[in-house]
Amino acid sequence: MDIAFRQQEKNQQDWNLGTVTDQLRISREVTHKIRHQGHIRELPSRAALEQILDGLRSVLFPTHYGRPSLTDESIDYFVGNTLNTSLNLLAEQVRRALLFVGEQGDSSEAGLSERATQITRDFAAQLPSVRGVLVSDLQAAFQGDPAASSIAEVLLCYPGTIAIIYYRLAHALYQLGAPLLARVISEIAHSSTGIDIHPGAQIGPSFFIDHGTGVVIGETAIIGQRVRLYQAVTLGAKRFPADENGSLIKGNPRHPILEDDVVIYAGATILGRITIGRGSTIGGNVWLTQSVPPESNISQAQTQNRNIL
Amino acid sequence: MDIAFRQQEKNQQDWNLGTVTDQLRISREVTHKIRHQGHIRELPSRAALEQILDGLRSVLFPTHYGRPSLTDESIDYFVGNTLNTSLNLLAEQVRRALLFVGEQGDSSEAGLSERATQITRDFAAQLPSVRGVLVSDLQAAFQGDPAASSIAEVLLCYPGTIAIIYYRLAHALYQLGAPLLARVISEIAHSSTGIDIHPGAQIGPSFFIDHGTGVVIGETAIIGQRVRLYQAVTLGAKRFPADENGSLIKGNPRHPILEDDVVIYAGATILGRITIGRGSTIGGNVWLTQSVPPESNISQAQTQNRNIL
Amino acid sequence: MDIAFRQQEKNQQDWNLGTVTDQLRISREVTHKIRHQGHIRELPSRAALEQILDGLRSVLFPTHYGRPSLTDESIDYFVGNTLNTSLNLLAEQVRRALLFVGEQGDSSEAGLSERATQITRDFAAQLPSVRGVLVSDLQAAFQGDPAASSIAEVLLCYPGTIAIIYYRLAHALYQLGAPLLARVISEIAHSSTGIDIHPGAQIGPSFFIDHGTGVVIGETAIIGQRVRLYQAVTLGAKRFPADENGSLIKGNPRHPILEDDVVIYAGATILGRITIGRGSTIGGNVWLTQSVPPESNISQAQTQNRNIL
Amino acid sequence: MDIAFRQQEKNQQDWNLGTVTDQLRISREVTHKIRHQGHIRELPSRAALEQILDGLRSVLFPTHYGRPSLTDESIDYFVGNTLNTSLNLLAEQVRRALLFVGEQGDSSEAGLSERATQITRDFAAQLPSVRGVLVSDLQAAFQGDPAASSIAEVLLCYPGTIAIIYYRLAHALYQLGAPLLARVISEIAHSSTGIDIHPGAQIGPSFFIDHGTGVVIGETAIIGQRVRLYQAVTLGAKRFPADENGSLIKGNPRHPILEDDVVIYAGATILGRITIGRGSTIGGNVWLTQSVPPESNISQAQTQNRNIL
Amino acid sequence: MDIAFRQQEKNQQDWNLGTVTDQLRISREVTHKIRHQGHIRELPSRAALEQILDGLRSVLFPTHYGRPSLTDESIDYFVGNTLNTSLNLLAEQVRRALLFVGEQGDSSEAGLSERATQITRDFAAQLPSVRGVLVSDLQAAFQGDPAASSIAEVLLCYPGTIAIIYYRLAHALYQLGAPLLARVISEIAHSSTGIDIHPGAQIGPSFFIDHGTGVVIGETAIIGQRVRLYQAVTLGAKRFPADENGSLIKGNPRHPILEDDVVIYAGATILGRITIGRGSTIGGNVWLTQSVPPESNISQAQTQNRNIL
Amino acid sequence: MDIAFRQQEKNQQDWNLGTVTDQLRISREVTHKIRHQGHIRELPSRAALEQILDGLRSVLFPTHYGRPSLTDESIDYFVGNTLNTSLNLLAEQVRRALLFVGEQGDSSEAGLSERATQITRDFAAQLPSVRGVLVSDLQAAFQGDPAASSIAEVLLCYPGTIAIIYYRLAHALYQLGAPLLARVISEIAHSSTGIDIHPGAQIGPSFFIDHGTGVVIGETAIIGQRVRLYQAVTLGAKRFPADENGSLIKGNPRHPILEDDVVIYAGATILGRITIGRGSTIGGNVWLTQSVPPESNISQAQTQNRNIL
């Protein structure tokens, strides 16, 4: 940090801190009508989760995301140690996230900690099988992109790789009962890659997203094996039914089902609980709100050439 | 950092630094024809602004973006202290940014500092009302997305939340006379969320952007209340008229007006100074360059199914 | 960091580390069938490359990306020193990347280092001319966007600026024989800007991308002078021919050619080895898979207004 | 960090990690005969305490140890906020330290936390009066050293200032029942200043140590008001009686008593439970193991000049 | 940072922040009777000075304290750049320190900055000659200690080296009119090495302190060429005369004069304005308050052996 | 960092960088008469060694210096992983240090690396036995100080503990042929504790230094078992014989031998190659240059009381 001269005339630099601070407190009191039993709930920490994800990523693929100097004799010490620190951190974040799950009002402090520990332990037990599925995803990327020169390039240079790793970790937590945490993880991936996969979505093995910026996969989407997506593909909801009070009904199936071996090119928008049949190909920029049978090939009509002037 | 062995044969590692440095200086001298009175103007620091935004964000929503252990007795100390450090930093950035506003050539050093202080103080005074509008935005997100489970999730996991918070802060600075600073802030938000809102745009309360990657909102766009946008929506200019010298005319109204209660789905492109009437819905991927009356429902024609092979 | 109380009941916090670590090792052994001569190859470090890019960026444009307090007497010391540290770091990353280039199996340790040093020295020698082309890009941005108020704004606030700087540096490394490194750099730019330019693409001077989120430019694309792109434009491949074994054929020309003075608006998708003739304008959201002659104006048919309900 | 080339021949770099790790575990098992109920007690963190002390120091003297830009309107926000973060951190360290106090075997987790919270709250309540005594110490330094030009110099440049501030904070914790924590604090001061004051010592107001390196003040020493010490003064124990088992008897009074207005010059060694009467002056390098009456002046005999050769 | 579980029962963790903060403010108001024209003076920053000293040290001896990878072509860029950043930082610290020099009450803001700039520029101009004297000190160390194996060892492993480098820099600032800054630097050296040299002392070339812990050299001491000191040597004042008001008279000569080629062994205490004649040797632990002629050899009488029991 | 306003008037802030940099280069060229084969040797890094020592310390005593949350299942992963990173770092530092050992002129790059690797591996193999001796030292501290309440206190709060741990590690490296590295380590300990033990000294088990500030133990000192020292004890050389050229003779035995069970109290100075017989006690401030038989009790004569005024 390079600091040369600072003006000294501090008497100018009053910000009316008292007034602003008071008004902000009043603003908070107006909006926080419901207090959580007199104290503030700790939220999960995005910074902590980023550290956890870095750790888990290097546990799963230590030769690519771990320290560069790992050797055969040192790699297991690295994996075990990083796993331990990551899980310790995760357990605390799970505990905080449990405070935001619906019926936790009756949970004692000890009960919450115990559940967080159990979820974390179950999550750890799933890591080897998560790794297995991720290996199928990496191979799908390598085989699916003619520009990919090595698995190393797939791991280092493909945003889809980060997106699918973080999705599979988030999905495991989502299923184990930590949905808020899973959502924070999916948003970390989204921010870094431009790929927005809701952790509730179900995605089969050998999944590949190329380029990926702008991809959106909704909460209730179901995706089979060997599916390939390109950038800016949306698997979204078409409409949001409301209940008799006008509130949106939450949680019902409203996103597409993609069967095995489907390919969807850049910019296609697939909306609603429709089914894209096995082996179908959906062209770029296609707008699709109806199911299509297996082996369909859908493409946008060629834009007509027109001289505007 | 894990450093094992380094090669010692430094004699190989000459980079012709002298030559390259000289050529780069010559390149600079060629391009910098106009010098600013013999010395280099300090630019606003993006890193400083990121720190300022972190601070202001936690001042506005301390229970979600502040320290996790805040209590009723400590929260005002945190808010006041963070406000103070953030505003001190901001005042310096405003001062630097003023160097880049048009007619500042005649401004004395003291005059610039005084204006920077005044702008910062005015900005601080607006924070409580900015917070009020942001609360309406958060509620719009919670009510507008069936996947949202809590306000906490909206604050932690929605890129649109960061985009709108940073937009509203940037817009305040834009209006107070610090447009370059406002643009840096909007680019910080863009880089983090994929949502690109020009700080000159005018956006009403209860605004919600879902997913958001690829959204672009232009400098002269005007958006009413309770508007909702999805990813990859463009509110852009259609054409850029040039003056008699062939230079683009800057600053004239050229982006759309969205009236209250408009919804625009993913990938729609709305261009030019047109008006989308109150309560209209624009479907995904729609390409629109003409005004539409209130309560319109515009959608793209369904792509025809065609078996390509 | 604010740490209050931690639970002490550590006996709950066993994660079955031994079991999970063992299973992960088995999973690695299954997937890593091919070992690289008994030890692990070091991969290029993304963090190191980010530091290198920060350094090179400030070497090219020290008054905008360097320290704020640079003066006429200090600027060359800053440039020379930053150049030296950046190139030292780069040489090591180049060496690592060379391990992943095809025929390196016969390369000795000393040979690799020598090649890395030579590539780095050649790269350094190109920096002044790279700067020259970048200046043309900056001027194109300033002249091409009516919202741009100064070159400073273009350097600080336009994601396209980072994208083109990093592309031109990556392209130089790609041509000098460090393609993996070039790809990591392009992915760093992609992650930060949403703009995905393969370092193999060839792009002429005075190139400008506005907004940019979602732009994809493929490996074999060729772009002339004074070309302008908007967000979400894809210059992609249409199909991926496979060889007799079913493997994708890698490296053949498969992306578009854009001649001089072409403009492509937001969301257009241009696929395959087609040529967009000089001076053509392609409208937003256009889907184009055939060549067009010079001075063409292609636009999407206006979506018909239809009241859905 | 500047990293150029690293040798690749990793196959040489096996360290027999397995063997060494196993032998270290066996060594631990031999020495840790007594296990603490099957799990490892967390120790207080020296790094956390250093952060706490930085915080408390700036709470006590915000204009000297706080942020440089504090103003009348911001200072209380700074003090309150820093106090809160420091006390939160301290409460956790107190809790850990309580695990090492004798009869804690029967303490429940909740009981420990409650005691830690109570000790921390009591400690906080003493801070204003601690500050009052420290002000008398600062004035004694300013008045006692002809080289002191301002109170600012006393706060910034005198190691004795840090030593007395940390001693008074440590002594308060020692009396409140956190002796291990108090000892870590005294060792932090010792490491930084060369002045080793046991937190159990009792020291009156207006105390001044000049230069200070090598000063040692033992656990049961008692020091009156307006006492002044120079570097390398020892207030130590003369002998350590053992009980019938040969173990040293711990805790009995064994260090000197210095009455008010005593001055002890550099290098003097005062040993045993003796009393230095009010107003006495002890000269440099004096070796003293017997009480002296008030107003005594003790000095070492002048070394005789002797030409050795 | 490894954080597992935290207790949630925050309602216990109120610290009475309001009360303590109020009492601390009252305590400040009592002690700060004299206010400095309504605002708080910024103090020099010890952290900034540590950074400055690191920089200046590497400017003076770049091959030992600079980056390890410096080459003939890069070393001047490193030196020039580090010099620039260090001097920029120093100028600000000098400006702050000037606020504490006696008659600065009438100084305008601009006048202070100008003086700070001038002092810094003069200081920079002295660096080459300071380096010349330091080289004589390093050679004296290498020649004076039979355990020294190389100049590199003297630079890396001798606390006396840091002490003399920092002293010579501090002394230059002291003479240029920044005594408070000089004192902070001397205390940084003291804290790191245990050697306490007042920046007002005058020390000739080829000066060597071995081991050094506990050495004290007073403000008005004068030391000739080729002098050697060992650990725990005090060159102090004998008594402090007071004026008619009882205040200590500040600034008068009160510390010893050591002529050329004097050697003083460990633990010797030399007090008062006495002269140790050229070529004299003072033995360990000697207590000396009278001048001695040239070539004297003074030693402590051998302690008699006495069986205590 | 809190930065408010900076003065802009940079035209004042020229430091004559060119002149000063040139003069410093000339000064370097004058003093560096002997060049090391045209390039600069890399020196060992004190910062790297501090990191290595932190690592090794936590490898030896993981429950006290390691992460606070270690469990039975995680501790070996932590130890193995930390050992690996520390040894990798150490090997590089050993390699650098070998450049400074006398006859390395003929060593090839590969030869140096191989020797560094071998020294590091041998060092690692000694760690378990080093730990065994250190445990005897810790027990000696606990038993030798009536103020010590637990082994935890000895590990956390006694500077003598750090001094002996670092000495034993440095001594191992000294004996394996890395004396410069050993000296840097001993100076790190000296700077932190005020205790200066030359790594060449030989020290038996169950060694305890209390308080410790100012202790100096010379290169050829030999210390038996169960020896106890207090602060400011010097075990030094009496005189330094020169050869016929006037250069000091390096390396000959010149420091004291302390037999088993010797105790030396604060401030005693023991000089020359003398022997303190088994079981002897040397009192505080004693000056001793002659051998004493076993079981001697030596003390300083009591200072006579004399009223100075």
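For reference, chains read A, B, C, D, E and F in written order, and residue numbers begin at 1 within each chain.
As a convention for this text, a residue touches a chain if its C-beta (ideal position, glycine included) is under 8 Å from a C-beta of that chain, and two chains touch if they have at least 3 such contacts.
Note that this is a predicted model, so its numbers are computed, not measured.
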Do the two copies subunit A and subunit C share over half of their interface residue numbers, or under half; same or different?
different
Which of the two pairs, D-F or A-F, is linked by more C-beta contacts?
D-F
Distance-wise, how many Å sit between the C-alpha centres of subunit C and subunit D, to the nearest whole number?
55
Euclidean distance of C-alpha centroids - subunit B vs subunit D, Å:
51
Based only on mean CA positions, could you tell me how far subunit B sits from subunit C in angstrom?
23
Subunit E touches at least 2 other chains through residues 2-7, 9-10, 13-18, 21, 38-40, 42, 67-69, 71-74, 76-77, 79-80, 83-85, 88, 91, 113, 194, 213-214, 232, 267, 283, 285, 300
Subunit D to subunit B touching residues, read off their complex:
1, 3-7, 10, 13, 67, 69, 71, 73-74, 76-85, 88
Which part of subunit B faces subunit C closely enough to touch in the complex?
7, 9, 12-21, 23-28, 31-32, 38-40, 42-46, 67-69, 96, 100, 179-180, 183-184, 186-187, 190-191, 194, 196, 198, 200, 213-214, 216, 218-219, 232, 234, 236-237, 240, 247-252, 254, 267, 269, 271, 281, 283, 285-290, 292, 296-301
Of subunit D, residues touching subunit A in the complex:
10, 13-18, 21, 69, 71, 73-74, 77
Touching subunit E in the complex: which residues of subunit D?
2, 4, 59-60, 62-64, 68-72, 75-76, 79-80, 83-84, 87-88, 91, 113-114, 117, 120-121, 124-125, 127-128, 131-132, 135, 143-147, 149-150, 152-153, 156-159, 192-194, 211, 213-214, 230-232, 266-267, 283-285, 300, 302-309
